[in-house]
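Chain lettering (A, B and C) follows the sequence in which the chains are written, and residue indices restart at 1 in each chain.
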């Protein structure tokens, strides 16, 4: 039973990340392989605040979200100024830079050994220590994220984003700021990634750089591609499908030495197959 | 005649091509001015320069006495000038009504903060705007097609929708890039009637037009552009009667 | 004399990086989409050559096998993946995601077959040293410089003197015109992918001669090379090669003032800041 709740809680956290990646890749239409880096910053900040100060859990999550909003705007800005091809390098660069910091800044992040002993979240005086208890928190987090996504997509903001995707020039000719809309979407994506990071750190109580590296970013991209771009349903189903995959792989008898490689290989294969045959994913719109 | 829109000494060079050369003219309020000239005369470049899509190398644009130099397309719309595009640039996967809504200004919930934290207010104002959008569509005769995807509209309907979309911005000066091209028969008559109706409602129109018959019927003033330079400015009768201009226009086209 | 050694190391490393940059530049300037999987082709070249050696082939023959396999793989990627996507009207984003997926498949495929442990070539002649003008260089390092300069010269000769090279540059400068004339850009794309992939096999073998083979080593190297391509001006072979050497020298000299594990991070940090303020590259107005 613990196994199932852990899976659900993790998948729910990844739904927040799926929403974040979907906003950037699906809706704003920029290639990003650095969402895991932003996610990591949120996780490390929450861990740091809870371990080294008396910051209450909700405030730590809020601060992580705020920092990631800022960070995501900064990392997205170059993409709004240069053509997509150049931004690819920038995006990879940000991810590698972040991994270098997570791994080498031993004082703040514990380096490659990671940070063990992140305290469990405390809310209204109650400590959410068991997976079943935590699942309550992650469910609330996911529900809030989905609600936000649903609200913006049905508001004029969602219509504006869809119009931008079709024709930026025409949007500008109608007196709307394309840049502002894109920055807003990036900020929202940052908030989702940051709060997901906070939840992740407190749920696992241990974080290390391997959760926030390039492979993790590729996993996030795969979730969006498989689930489907630009829809709420796509962002929700992607993480649940892809996190079930390692469990299914565990049933097949693959030597543990190559299990990680096999998993990444399958993610890569999914990316290719979906791009070739189903660019709209399971429940999304065409990329 | 007050200068509603004043264009002064615009110059623009693209590599070896002088697209605009010392181009100056004025537009009077409440009139329909047609911009004519052979292909490549710089008509669309003028539109781009006025609406902030293109920075001229030198020269100035002023609207109602306010300089538009260095303004972005968004800011130009805020000043009350909106334009259509020759290749329409409608949002094909959105409905007619959504296209009109996209033209409307000052939406509540057009940024995430209000959309998330004032959802009820956002939904209410959106409902009101959706009704208002229907009025705009009715104005061009598309009220029955409101919830049809643009890609399923006929070409004539798409042309009308382009005008509806910039009407929705609330602009007073409308820059229409070939609103009648590709139309004939009833659709053509309908657009021409619409342009007159807009004029009678107080709008000022600057129209790129190729069809001399249309120019004769709707224009109060005609600007004749050649090689990016304003060659003549007059009533339709004067311009059409000028054999030199006819030679350039038809000689150049043939 | 530490700085002299670092400088020399930088130049040697720059020649290796230069080969990656030039090969990527040929591909990128022609096809105009970001071939992320080039990093995986680089990695594959080393492993194929290693396998050929272990099957008893002499060194030169093993390298030829590696180069040939990479060329075939490059052509196949273009023909079977990119061209198909392009024909179906895929956006650059879609092609990019597929390329990233392919890169993951190839790298992890290699890791699954050869394990992710570091493999050594174990060629004793590679570590023998020669003294040139007071500086000590290993044979591997000498080979890297020789191959680097030869690859650069070869790429220049190819682009400017051969018929295919001229067609490539015509396709790069105006794909639409190339389409309606008889340049057959799709054929050119396949050829350029084959040539670029063949070229990237060489550093893919030479760098691991010293450092050993690793399935995931290609990505940071490709990205550093890409920085050189962008900063050197997209399409300029000379710019790409020179900037690669400059970046490599700077990375090595930076060891004088800071620990090595930061040098990749710093390189990308500088690049990210650079893209924020000068997004169109160093040599554009």
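Annotations
Assume a residue touches a chain if its C-beta (ideal position, glycine included) is under 8 Å from a C-beta of that chain, and two chains touch if they have at least 3 such contacts.
This is a predicted model, so every value here is computed, not measured.
Of all chains displayed, A has the C-alpha centre closest to the centre of the whole protein C-alpha set. Chain centres here are means of the Cα atoms, and by that rule the chain farthest away from chain C is B.
Taking each chain's centre as the average of its CA atoms, chain A and chain B sit 43 Å apart. Here the CA centre of chain A is 31 Å from the CA centre of chain C. Taking the mean of the C-alpha atoms as each chain's centre, chain B and chain C sit 50 Å apart. Residue ranges of chain A in contact with chain B, taken from their complex: 148, 151-152, 154-160, 162-163, 166-167, 169-177, 180-181, 184-185, 187-188. Only residues 25, 29-31, 33, 74-75, 77-78, 81-82, 84-90, 92-94, 96-97, 100-101, 103-104, 214-215, 218, 221-222, 225, 257-258, 261-262, 264-265, 267-272, 275-276, 279, 287 of chain A touch chain C when the two sit together in their complex.
Only residues 51, 53, 72-74, 76-78, 82-83, 85, 89-94, 98, 101-103, 105, 107-112, 114-116, 119, 122-123, 126, 129, 165-166, 169 of chain B touch chain A when the two sit together in their complex. Within the complex formed with chain A, the chain C residues making contact are 28, 32-34, 36, 81, 84-85, 90-98, 100-109, 111-112, 115-116, 215, 219-220, 223, 226-227, 230, 261-262, 264-265, 268-269, 271-272, 275-276, 279-281.
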